[in-house]
Amino acid sequence: MIYVPANMGLLLAAILFLLGLIGVLTRRNVLFILMSLEIMLNAAGLAFVVAGAHWMQADGQVMFIFILTMAAAEVSVGLALILQMHRHHKTVDTNVLNLLKD
Amino acid sequence: MISLAGLNLILPQLIIALAAVLVMLFIAVKRSHKFSFIFTLFAFAAAAISVLYIPRGSFGVSSLFVVDGFGKFFTVLIACAGFVITLMSYHYLNAREKRNEEYYILLLLSSLGALTMVISDHFVSFFLSLEVLSVSLYALIGYLKEEPAGIESGIKYLVLAAVSSSFLLFGISLIYMQTGHLDLSGIAAGLSPSGEFSGVFIAGLAMVIVGIGFKMALVPFHLWTPDIYAGASAPVSAFVATVSKGAVFAFLLRLFYSTGGLENKNVWTAFTIIAVASMLFGNWLALRQQNIKRLLAYSSIGHLGYLMVAFLAITDRGMQAATFYLVVYFIGMLAAFGTVIYMSNKKGEALYIDDYRGLFWKKPWLAAIFTTVMLSLAGIPLTAGFLGKLYLLTAGTEVGIWLLVIVLVVSSGIGLFYYLRVVAVMFAGKNENEASSEPVIGKIFPHGLVLTLLFLLLLWFGVYPSSLLEIIQQIASVIR
Amino acid sequence: MQIIFYIAALVAIVSTAMVITRKNAVHALLYLIVSLLAVSVIFFVMGTPFVAALEVIVYAGAIMILIIFAIMMLNLGQASEKREKEWLKPRTWIGPGILAAILLAELIYTLNSFSPPAHEQAIIDAKDVGMSLFSTYALGVELAAMMLMAGIVGAYHIGHEKQKEYHRYLQKEEEL
Amino acid sequence: MTLVYIILILMLGGLISWIIAGKNSLLAKGIALLAVLADLVIIIGFWISVYDKFDLGSQQWLIDYRVEWMPQLGISFHLAMDGLSLLMTALALFLGAVSLIVSWNEIGKNLGFYLFNVLWLIAGIIGVFLSLDLILFYFFWEVMLVPMYFILAIWGHENRRYAGMKFFLFTQLSGLLMLIAIIALYFIHGKNSSQYTFDYFALIGTSLSAKTGLWLMCGFMIAFLVKLGIVPFHSWLPDAYTQSPTGGSILLAALMSKTAAYGMLRFVVPLFPEASKTFAPVVITLGIVSILYGAKLAYAQTDLKRMIAFSSMSHMGFIMVGIFSFQALSYQGTIIEMIAHGISITALFTVAGVIHARIQTRDMDQMGRFWEQVPKMGAITMIFVLATLGLPGLGNFIAEFLILTGAFKSNVTLTVLAALGLIASMIYALVILQKIFHGERRKEWKLTDLTPREVLAMGCLIVAIVWIGIYPQPVIKTAQPTVNSLEQNSNNTTFVNDTGPTNKTALKNGDENMTMARKTSTFFLSLNKKGGGK
Amino acid sequence: MDVFQLLWLIPALPFFSFLILSLSGSKFSRTGVGVFATISVGISALITLIIGIQFLSSPPAGHFYEQTLWVWFDVAGFKPSIAFYLDPLSLVFTFVVTFVSFLIHWYSIGFMKTEEGHVRFFAYMNLFVFSMLMLVLANNLLLLYLGWEGVGLCSFLLIGFWYKDPYNCYAARKAFIVTRIGDTAMMVGLLMLVKNFNTLDIASILTTAPQTWSPGASQAFWVTILLLGGAVGKSAQLPLQTWLPDAMAGPSPVSALIHAATMVTAGVYLIARTHVLYELAPAVQTLVAIVGAATLLIAGFSAIVQRDIKRVLAYSTISQIGYMFLALGVGAWSAAVFHFMIHAFFKSLLFLSAGVVIIAMHHEHDIFKMGGLRKKMPVVFWTFLFGAGALAAIPLITAGFYSKDEILFFAMASTKGSTWLWLAGFVGAFITSVYTFRMVFVAFFGEQKHDIPYKPGISFKIPLIILGILSLIAGFIELPHTFGHFTPFSDFINTVFPAVQLIPEKEGMELTLQISTAVLALFGVFLAWQLYMKRPQMVTRFKETGFGKRLNDFLFSGWKFDWLYDTFFVKPFVWLSKIDKSDFVDRIYGGVANLNLYFNKLLSATQNGNVRSYVLGVALGAVIALTIILFL
């Protein structure tokens, strides 16, 4: 029915993925990092769906669903950790997380 | 549809999963640390023993899993490690945290992730296992939530693990895009056997390497290791060092051997570089480290590098060597962290090498164990570490991968320096200005007993390892 | 229909770029939702309506709400926006930008060599997905459940605020 | 089984004295000494009983004990004894006993653990002398290391940790290279004969291409050169020898260094006959450099033990010259040198220890004119200084003479250079005597002369060194069968063509490596097809 | 009973005495030690005498006797034994060694009366006698080497006997090391012999060598030159003569025994013993003669300016051994041995007398601070005079005349001799009489400068008198042609040596040569009298001129040999030792260690604790992995 070139789909996924990566690398606010992580995971999921559509299989979507689940679990634990961090440090700046270093 | 007939094959995994649920239910009824603890112990023991009821041979379970000798071996290994870690956790948690029952749920769940990973035959099951492992680990690492260091390491691990998981997923999707399969045998079937892979597949492999390399803490994906080891509680560090890495390594073997990913020369080279860098950097980083947990972290980077030598040999012997070494590494790391737990007290862990000054004159038995562990990690004879290293060298020499073999030798020479440093401190004069009146956590039971057991295992496998070798040779031949 | 894909892709990219550059967390989150919706459109275009729906419901709906709650709890107001300004110096973008550019170039290079056979795509709907989920991947679903359990238990434990416990002398003081 | 008992007695003795020492230190010392002496009696009794068997044409091996150890890897527990190992074992036990006696009161703290280490060290050394499985050999080789490290790092002098670390790093690293060589040899032999084993008797006939042989031999040689302390691998030696407690110095210098010489005789020359011939000029040159450079360094030192350490290094050069001349004379000379040097260095370190115990310094610039107060010590020191400088009538002379005689037959120029060592050794050796016992009194010390216990130990050493000096025949006779087989071995070498088939199978290159990978992966594939039912 | 079987007792007795003294010497009384040691050597001398008489009266078959105690070791057919070999040559040496040692031991009883460490002294002396006897009696060169090193050791020990003075230690060390240089050469020579003959048995080498080597063979050349190296070291010949003057730091009996009579002539013995080899290497034999000639001149000139009585004697010893070498070099084997014997007598006499003088002068060695001792110590004066006469070869009445005369004649007349060699000896003889009588006149004549209450005891005098008589009459056992040709000594010893080959036309010159030598010696005495008694101001004035001062310094320092060796060998060695005390190799390894620490620091910097930089690491890793895999 619909034809979307698989490599274009993958390219979009890659761009989103890398934007997410840039976000993780640049933002000091841990909430933004969390959001960027979601972008990356979503991009990976997008890639799976593109590939699944390409092979006309359900596996890609199944994988997307699992990624979705994982994102949810991760965000829940992540937010809990952020709350604790805020409690300890009164900030969401990741630069304060340098108690542990060489 | 899934048939119940296959379920007996994944009995250990089921037991652990059930135990996790049950512990949670019990908590809902009544919180009891002791009960959770004992129940978890039984669960691990049962999981280990249940392996005996799995028939011999290689069976697929619902295309996600394959249960074979190799998987069973690792199942037992992980269950035993879980058992030991549980044993060592009880008093530690009592001393350092108020609410401890969830710990056992998380420990069981992360072990479940590891257990399913070692029998994974499919990217989906691998990914899910990895995430079960990771998500529970986020919580486990940050478990001591009253401590900034714990939370810090939790966040670090979460961010980094998520990034690496994303890479992994992206990589898998590329592989899927190329082959149309997510199961390993399907992927292998869709590839040319000569190692001439298409670009997308290769790029996918590279990103999978990032994900796996991160979990195994191979250079350059190793940066998280010391911080997480140091920030997490010692039992969790032990878990991260052993179970988490071992399970991923088991899958690495399966993945690359069954898909023939190493046929590609570039992939092989990339892994060689990773291995060389891990061996050298890990040991270099540890050279002047004063924090014993960080030191162990660096040392584990090096050890995983050593394992890669066996992995890169791509032979029967290489597999056996890797398996043997992993067992030895498990024992060594568990005993090392066990000693740290033993020496810790309510106020904090015995993190610094100086905390062990003159240990030999105060607690000779503990010091002897720790010394043996250090020597085993350094690969000195009479300990299992030596035979492990011998096996690795044998594997490397057989196929003539001289660069790796020489780097292995050189880096274990470098490694010797810091292991000996620890040993020397233990045998040095007594610490005069030691004011800490706080009693240590360690008790004869279970810590002393467990450590002694691990110590004896190190010696046993170091002096008369025939029985273990026999088993390993069997399972290696099963997997071929 | 391809044009829809391209438009949606453009929207997704732009809004994602906005996410990572915003100083206000709530704004960023809204852009993220836009981005997710755009991806959802793409899913729909590609004939995967089930995940398109899930994208909107779970991602944009559930997970983002979770983050909004977190933002509210942390009470990041105007002050934090100022702080963000300090934190986001232009040169912090250079390194990651270059790195991402290299990665992108490499991925484009590989995707270039990848020319999938052009074929019509069939719609793979919720039924197909469901069949797959509960046959082949049934054990996977169980595992995912375990993962969620881990997430919940973990979040519960870590998020649990300890009761403030004062030292008994301090308590006495308060009584006085 | 005798051989196993010899090792076991030491190990058990060590354990028992460790346990007992907390309660009764004298008893612990007694038990430790008794264990060593019991072994010594066993070995000497054995020697006497087989003494008549050492004739020219006789069987080399006296005892051969072999059980499977790790059959999966082709490793066996294989101990055997011939004349050479008999001599070395006896020497180890004799000097071990002496070292226990001379450091009887030296160790104050943690005596039990010390005794444990000493006995296990001796056990390790004897294990090295007796093992005929290469992995077992390596095993013992490393087992020596740990107790020595402890002795050095716990009971050593002021700079002990540094010295211990250096010692351990050097020997361990070089040992690992040897291990690689052993493994490579194992595979080459295995691929040639499809019998994968580390057994000495099986490996001894392995035919190697010239290049491979050279590489493998280098692996062995590095380990041995390091332990022997040959330039340029000697850097650890002065520190370790100097910082050890007396007993440790003795065991290090007198026994552990001999394991390296033994290793060359037992393994390098028989396993790599042609490679060692090719390599001989290099090794001999290194030996000569050690002789001369060691002597020069010894002369410069003011630390007594350091000086003795360098003198030891200088003498080890002679051993190199002796082994790599491939002559019966020089082999015999080497064996006698091992024994005589062991004895004389033991005595010298004892003297250093005795002095250190009395005045708490090793700095010779603070000594002088000791003869006045302690003539007995002076006289005994003199004897061993003379032994060091190779005075005829004492054992070292016979050794050096035989070595040079043998060496002269194979290489004149190098031998003449080596002979310069005789002059050099005199230059530093006299300094020991004169700086300490003669000349001006630089500081007022209250010295007490040797105690009867010390005199007893030294007396034994004097008797031994004089015995070897004037009637070394029993030693020579005992070593004769071993030397014969060594000589035959080096005479019967044939060079294998470099492009021969052995080389190709021996060392795989990358391509073959990849095919191996493919094979493995196809196994995986077939497995998954069979077992991966849905 | 065959008296020859007592042979082993000759060295063994002093050795046992050494053992007993060193183990339990402190239990003896003070004189008991000396007496015990003396008696042990005395018995040795007695046995030597008995054996000697037996040898003369009924010589064993082949004029040698061999006694094997045990096989030393046996490796690959090389089988040296602990065995003794007695033939006329070794008998003469044994006789001289035991006899002179006996007398010197006797003398030492008195000499050591007040010194501390007398037990040590006598033990060392006994050990020396033992070693020396091993040297001369050895049947193989390895055993000879044992004795050779043994005497070197005893020399070292006895020079440094007064160990509290660092100078003595230095002198002892120098003597040991310098001779060791020669010994090493000799050792290499032995190695060469083993390589060629697979034996070190002297007798078998001497019989095999001429069969395997033709005269002038390079093998023979190298062997002999190496053995010569040993000989010049031990006998203090050029270029290794520098140790002997310093060796005078030892007690006088030591100088008499070791550094005059016995040990220093070991080189002569060695060359005489291996004369067959030297005859196979004519070039080296000539070299021996040249070395001897050069040494006797150099040492003689040095002796003229010395002030220390013992140093004068030391240089004269070097010079006289030069004569022996000269004799050996021209093939006059028996003349060399004869001169050795005579020299042993008179030189030990001189040293012993000097020893008495020195004790009397409270350890004053400078002859110019003595003077007029003639009256106070008549016995010593006369014995010293006898010795000096023999040294200066005063014609007819002294033994020295006969022995030296023989050498000079052969230097001229032998086929291997030459006029130049003779001339050197001739000039040397003149110098000898000058410096000898300079010493006599300065020390014993003139004014008395110190009061000397000291009277030498009888134990001093008897050995002196015996030796004095011997210095006069011992020459009569070998009279030249011109004096009736009574030659029992050379007849006896020539069973070992071949006769000297003479150039026929020069045979007739003997009388001329004798007369000129005699006149020259007397003129030397006269000159000494003139210069040092009558007109000492002449010498003083000459010394004050620039040239004279420099010449005096030059000769006084022994032709600056010490300076030469110091500059070129000792100082560079010491310098090298100093700058590399801590071993540069160690630094290299230190560098490696530091490099590792540097890497550690470098890598540690990456562990900065910042989560974003860790992510950067992962991302970088991804880039690297992708790049390698895609583009490699």
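As written, the chain order gives the labels A, B, C, D and E, with residue 1 at the start of each chain.
Throughout what follows, a residue touches a chain if its C-beta (ideal position, glycine included) is under 8 Å from a C-beta of that chain, and two chains touch if they have at least 3 such contacts.
As the structure is a prediction and not an experimental result, all values here were calculated from the model.
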When you check each chain against subunit A and subunit D, which touch both of them?
B, E
Taking the mean of all protein CA atoms as the centre, name the chain whose own CA mean is closest to it.
D
Find the two chains joined by the most C-beta pairs in contact, please.
A-C
Separation of mean Cα positions, subunit E and subunit C [Å, integer]:
101
Using Cα averages as centroids, what's the distance between subunit C and subunit D in whole Å?
67
Taking each chain's mean CA coordinate, subunit A and subunit E are separated, in whole Å, by 96
For subunit B versus subunit D, what separation do you get between their C-alpha means, in angstrom?
40
Touching two or more other chains - residues of subunit C
95-96, 99, 103, 106-107, 109-111, 114, 116, 136-137, 140, 144, 147, 150-151, 154-158
Touching two or more other chains - residue numbers and ranges from subunit A:
6, 10, 14, 20-21, 24-26, 28, 33, 45, 50, 52, 54, 57, 59-60, 62, 66, 70, 73-74, 77, 80-82, 84, 94, 97, 99-102
Residues of subunit D whose C-beta touches two or more other chains
534
Touching pairs here come out as A-B, A-C, A-E, B-C, B-D, B-E, C-E, D-E
Okay, in this complex, where on subunit E does subunit A touch?
604-605, 607-612, 615-616, 619
So in the complex, the part of subunit A that touches subunit E is made up of which residues?
21, 24-26, 28, 33, 94-95, 97-102
In the complex, go through subunit B and note every residue touching subunit C.
1-2, 10, 17, 20-21, 24, 61-65, 98-99, 102-103, 105-106, 109-110, 112-113, 116, 124-125, 128-129, 131-132, 135-136, 138-140, 142-143, 145-146, 151, 154, 174, 177-178, 198-200, 202-203
Contact footprint of subunit D on subunit E as seen in their complex:
22, 70-76, 78, 82, 120, 142, 145-146, 148-150, 153, 156, 160, 163-164, 166, 169, 172-173, 176-177, 180-181, 183-184, 187-188, 191-192, 194-195, 573, 576-578, 580-581, 583, 585-586, 588-589
Interface residues, subunit C side, partner subunit E - complex
95-96, 99, 102-103, 106, 109-110
